[in-house]
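What follows is subunit A paired twice: with subunit B in the first complex and subunit C in the second.
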Partner chain A sequence: MKGFRKFLYSQKTAPYVFVLPFILSFAIFWIYPLFSAIIMSFQDIGAISADWIGFANYQKLLKDKVFHTAMLNSAEYMLGTLLLLIPFPLLFAVLMDSRLVKAKGVWKALLYLPALTSVVISGTLFRLMFTEYPTGQMNVLTQMLGLGTFKWLKIKTTSMAALLIVCCWRWTGVNMLYFLSGLKAIDVSLYEAADIDGANGLQKFKFITIPLIKPTTIYVLTISIYAGLAMFLESYMLWAGNSSPNNIGLTIVGYLYKRGIEKNDMGYACAVGVVLMIIALTINVVQLVANGTFKSDKED
Partner chain B sequence: MKKKLVSALLCTSMAASLLVGCGGTTADGSTGETAAETTEETAGETAEEEIPTSTYGDPNGTHLDMWTFVELHGAHYGEMAELWNQQNPDKTIEITCTTYPYGDMHTKLLTSLEAGTGAPDICDVEVGQFPNVVAGMDKWMVPLDDYAAPYMSTMVPARMATYQGEDGHYYGAPYHVGAAVMYYNVAAMSEAMGLSQDEVIAKIDAVKSWSDYEALGTEYKTAISDDTKFWTSVDTGGCDWLWIAMAQYGEDWTGGFDNPANVKLQSVEKMLTMQQSWLQSGLAQVSPDGHVDLEAGYQNIIDHNIVSFPKAMWYMSRFTGYMPEEKGNWYIAQIPTFEAGQKTSVGIGGTGTVVTTQSANQELAAEFLCWAKMSEEGEQHIWDTLGFDVCNTACWSVDSFAHDDNNQYNAYFINYPYDVLNEIGLDGIGKISVVSISPTINEYMCTTTLNQVLEDPTYSVADALSECQDAVDMEQ
Partner chain C sequence: MAGNLDMKDSKPKTRATKIGSVFATAFFVLLCALIIFPVFAGLLASFRPGTELIRRGLAINLDVSTMTLDNYKYLFGKNADSVKYFMWYKNSLIITLLSVALTLIVCYFVAYGLSMYNYKLKNFLFFLVIATMMVPFEILMLPMYKEMIKIHLIDTYAGVIIPGICGASTIFFFKQYMQGLPKELLDAARIDGCTEYGIAVKIMLPITKPAFAAMGILCAMGSWNAILWPLLVLKGAEKFTLPIGLNTLLTPYGNNYDVLIAGSMFGILPIFIIFLIFQKYIIDGMTVGAVKG
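For the complex of A and B:
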């Protein structure tokens, strides 16, 4: 008993006791599934038994054209989201932070609102809007502009546009809030000093805002890369299922779902998941190293 | 030093949590709502966010849990439970029906069957998902052979066989035959062609072969002379037309349980080639958004942009549900054939209901299930509420059943749906197997092949089918 008290009150063990709940839940719900997914990716998992098949799943992945299409789609989508969801939210955040905009609360709420809605509901609405039928909202719009009607969800370019529209509609407000909080952290005196030195708005944005908001940008970049690669539900809702014409809307996770759930081939699905993990990890590590995230830690 | 160790530990664990965030998607991609299978009967009527749960029956009776992905199915069991309790006061039941979204329900069911715990007593399984579930056979499910025996003599054999395991036992109880029929818009045709309703119907009844069908279509097309109006629409997002063709030639691209799948069939090639010629001559259009069982498809029908199309009999409920303004316009007839004497119909879609071995009351659950889905009381209720072409043929010719004018489906169409079913007869309904390769074929057809040959009617059908065969071969 005394030994136990001594153990509890020891300064050396206390930290471990405090982190134990986290470590435990982390080990059970994260580490274990991670390793079991890696193990399962080397197995052929049937209804009753699981057999070791070595690298067969990965070899099949190499030859699997549908998987390659899915990877390409996810990569294109991710790049599209990066191009749209970093500059524009930053611009909006700067506008919100400036004196140019009235009723900021209303704008912020309006931009943030889509993130609170269910993708299932909004996706269904977008699917109806993007119908190829001439009375669909998007076709009504393009007809008003004199562009005629489109088979939105049957053509590669327009369907990618549709996915990006849904994505921007949903995430612009969230990213704007990230940038806004980053902007709030910048010391106002820097801008005042710049004013005294006679800097104009563009110079202040370029030489003060951009460098100082870099940590936020890196954070948004990192989560956007992962979110872009892991997108699934938007495409699932837009095509009312996982099957799009010529797989133009199939993403890596969509393919994982198709294999794991629809075809009940968990082993192969795990291999897809592991590949996705490796890709997301590689891109993000390269990106973080290039941005000097790890380096600055060491200097501190 | 210690501090450094702890912080290093924390850092690694946080970094690892990022990793798992990527890898852990294996299990949580199951938030989907609607079915991926386009051939199945319930796309579009699956539940949205909330999970409706209803309990029916006698609170003191044996409790049974039931999962479904269509709320109306749950209501069917609820009302049948009330009736069961009246007829069987010695073994009353209480049933709780939970409606999950399509994808979620099948995922939950498979997971709990694999885990050996957590499955309900009774569960609906959509036919496209059935191969996954039936793989577990009697380890997972109770064979229904003994409980279905009282009704077997009059049940449609092809439908019972759909839910058979490799061991020959029956594991699922069917709702409907899903017989494919041709729907014609008589009102639009008589207006365009300047004929009376009876004259149009006489013309439709005279259609026996696909060339008759094409000729009548050309006649309609010439009469209406409008580029935006079509005789029919062909599907890029569903295989119904191809199933019909296969049934007519007695072919089956899955090869059943024993043979390898083969999509390079003469029936499929003939149907696709014929559809290409219709598209080129302007007789047909490609169904907006892929097939007729979607919102754009309903609108297309309401706008009279197409006036005929083949679909299973369960599509009747789409008419009453989504197109009430079309009441009295539509006529149901047999599907034309390539050659005389071929089958005119095929069973499409379906849901088999199973009893799991995890049930504490397997016998009662199985007895109730078979009664609720196969007895005459059960069939009557299915026809009145769900509008299905029931599998117990004993009901088909009963006048009070088939010709009941209070039935909303009888009232909606110009003719009695069951008259058409009787005309087709049991021998006229073909069967395409649903085995483990089926989702692969269906998926490749709907994503690639049909888009290739129908969006571009000059594309070689033989080439497209070869490509499809290559993709299928990779999986078998």
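For the complex of A and C:
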């Protein structure tokens, strides 16, 4: 007994005791579901039994038009978020970081407000603003601009616009704060040296800020790719459920949810999930390699 | 602070700087106005009958004469809807408190084990922490849902809370924070006869407090607003969290929009207050991964 106590309290054992909860959680809530998902994707899962059907689920996915729509929607949405939610927040952060802006704390706090709001609440608010009635806010706006009214959530283009507007509303402030903290890490003396050399604002931005903020940009890019491809709740809330006319708001995860939970076809849904995982991992690995992340030795 | 667009301090304020300052500040005023807009519109709408939302959609309407406190009176009144709403509110509070407390304690110790010792598997284990971040949760949710049914955690608070306790980002943050702490403290404490576990609890934990604050708030936000996983796990209406409960009010008939809109606005409140108090920590907490890369 004394030996066990000594063992437990030794410097060699202690770290493993500390890390044990993670190892358990990793095994139960990551490895197990991950491998289950892969195995289930090769099965036809009924109420009682699961039959091995090889690649049948994947073959079905190749021909599944609804799945293709979902993939296209998710891809478009992801690209849209990358184009909108990386350059603009970066510019806003640079502006915020300058000494020109007064009362910074107030703006930072307010820009963070959307991140505090549950998607259920914000999604409901936006759905009511994107109503097809002329009295809804978005139609009031388009009428003011002389564009007439739109059936926002019934047409493909305006639906994607609505989803992107919700996304920009939620994440502009958060991404700006990421970039802001990245800017803080840049050595001020570099800008001072550039000043002495007579560099203008644009040159400083191009040759100092952009290259030195790259780690932050890569971080934001990586999480945006995942978040964009895995988007589901925004669409779920905008259409008050998981169905939209002609599936204009259906995403990959929306389809996974529909198949797995609503139609109880777990095997097929898991195949959707595995495809999503492969796409997301591939894009991110390519992106990280292209950006040279794996080349530089990361400091511990 | 790295000034990119501005003049140097030593220079007197020129006219151009002043004009630039007005424009730059005005830009953020405008941006913030856009950001607040939907919530502000929702707040105004919460003082009008819910049926109006169904018939007209949501738009800014500053007409004070048609505003009433009826929705809030109803929400805080004695009726079935109010009872239901505050039951969800209470459930959300319980789940949030429990998951924040458990997440912080567990992740602190895991991060401690990953940063305070040198051993063979250390880097491999940390790699596994990072690996869990590389797979979106949505892919794992169906097998996890089946797993929950199997181990009888479906429709329980435990089922909602436990899978999220070892949050990779929380472990990551604690680890980053601890790397900056002096390790000599450990040896000094060991010489004084402190056990390994005693050191972790009595010596290192108190000096890690700021990290607890930062992560605590981020966990609270995540937990208070979580939807997808609670939506799958919780089945009985008496166990619903606030977002899940509010979601059930979204019927096509819209007979519940009074409670929905007033309840939504009141549901933002607790997290908003916490945010205003701990704002500084939140920004530290969420940006740690972005800088270190």
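Quick note on the criterion: the second predicted complex is superposed on the first by the 276 of 300 C-alpha atoms of A that agree within 3 Å, B and C clash if a C-alpha of one lies under 4 Å from a C-alpha of the other, contacts with A are read in each partner's own complex, and residues count from 1 in each chain.
The rule is short, and it goes like this: contacts are C-beta pairs under 8 Å (C-beta built on N, C-alpha and C of every residue); 3 or more make two chains touch, one makes a residue touch a chain.
Please read these numbers as outputs of a predicted model, since none were measured by experiment.
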| item | value |
| --- | --- |
| Fit or clash - subunit C, subunit B, common subunit A | clash |
| Partner chain(s) touched by A:59 [first = subunit B, second = subunit C, both, neither] | neither |
| Which of subunit B and subunit C A:121 touches, first, second, both or neither | both |
| Which of subunit B and subunit C A:242 touches, first, second, both or neither | first |
| First (subunit B), second (subunit C), both or neither touched by A:157 | neither |
| Of subunit C and subunit B, partner touching more subunit A residues | C |
| Which superposed partner A:17 touches (first subunit B, second subunit C, both, neither) | second |
| Touching partner for A:233 - first (subunit B), second (subunit C), both, neither | both |
| Contacts of A:282 with subunit B and subunit C, given as first, second, both or neither | neither |
| Which superposed partner A:203 touches (first subunit B, second subunit C, both, neither) | neither |
| Partner chain(s) touched by A:109 [first = subunit B, second = subunit C, both, neither] | second |
| Selected from 3-11, 201-209, 237-245 or 273-281: the stretch of subunit C that, after superposition, runs into subunit B | 237-245 |
| Subunit B and subunit C contact sites that coincide on subunit A, given as residue numbers | 12, 15-16, 19, 22-23, 26, 30, 33-34, 37, 40, 118, 120-121, 124, 128, 131, 133, 135-136, 226, 229-230, 232-233, 237, 240-241, 253, 256, 260-261, 266, 269-270, 273-274, 276-277, 280-281, 284 |
| Residues of subunit B defined as touching subunit A within the complex | 2, 6, 9-10, 13, 16-27, 29-38, 43-44, 48-49, 103, 106-107, 110, 114, 132, 135-136, 139-140, 236-237, 288-290, 294-296, 299-300, 439-440, 443, 446-448, 451-452, 455, 471, 474 |
| Residues of subunit A that touch subunit B when the two form their complex | 12, 15-16, 19, 22-23, 26, 30-31, 33-34, 37-38, 40, 46-48, 60, 63-66, 118, 120-121, 124, 128, 131-133, 135-136, 153-154, 226, 229-230, 232-233, 236-237, 240-247, 250, 253, 256-258, 260-264, 266, 269-270, 273-274, 276-277, 280-281, 284 |
| Complex interface listing, subunit A residues touching subunit C | 9-12, 14-19, 21-23, 25-26, 28-30, 32-34, 36-37, 40, 92, 94-103, 105-122, 124-126, 128-131, 133, 135-137, 139-140, 169, 172-174, 177-188, 191-192, 195, 201, 204-205, 209, 215-216, 218-220, 226, 229-230, 232-233, 237, 240-241, 253, 256, 260-261, 266, 269-270, 273-274, 276-277, 280-281, 284, 293, 298, 300 |
| In the complex, subunit C residues that touch subunit A | 1-8, 17, 20-21, 23-25, 27-29, 31-32, 34-36, 38-39, 41-42, 45, 53, 55-60, 106, 109-110, 112-114, 116-117, 119, 122-123, 125, 128-129, 132, 134-140, 142-147, 162-163, 165-166, 171, 179, 195-197, 200, 221, 224-225, 227-228, 232, 242-244, 246-247, 250, 252, 260, 264, 267-268, 271-272, 275-276, 279, 282-283, 286-287, 289-293 |
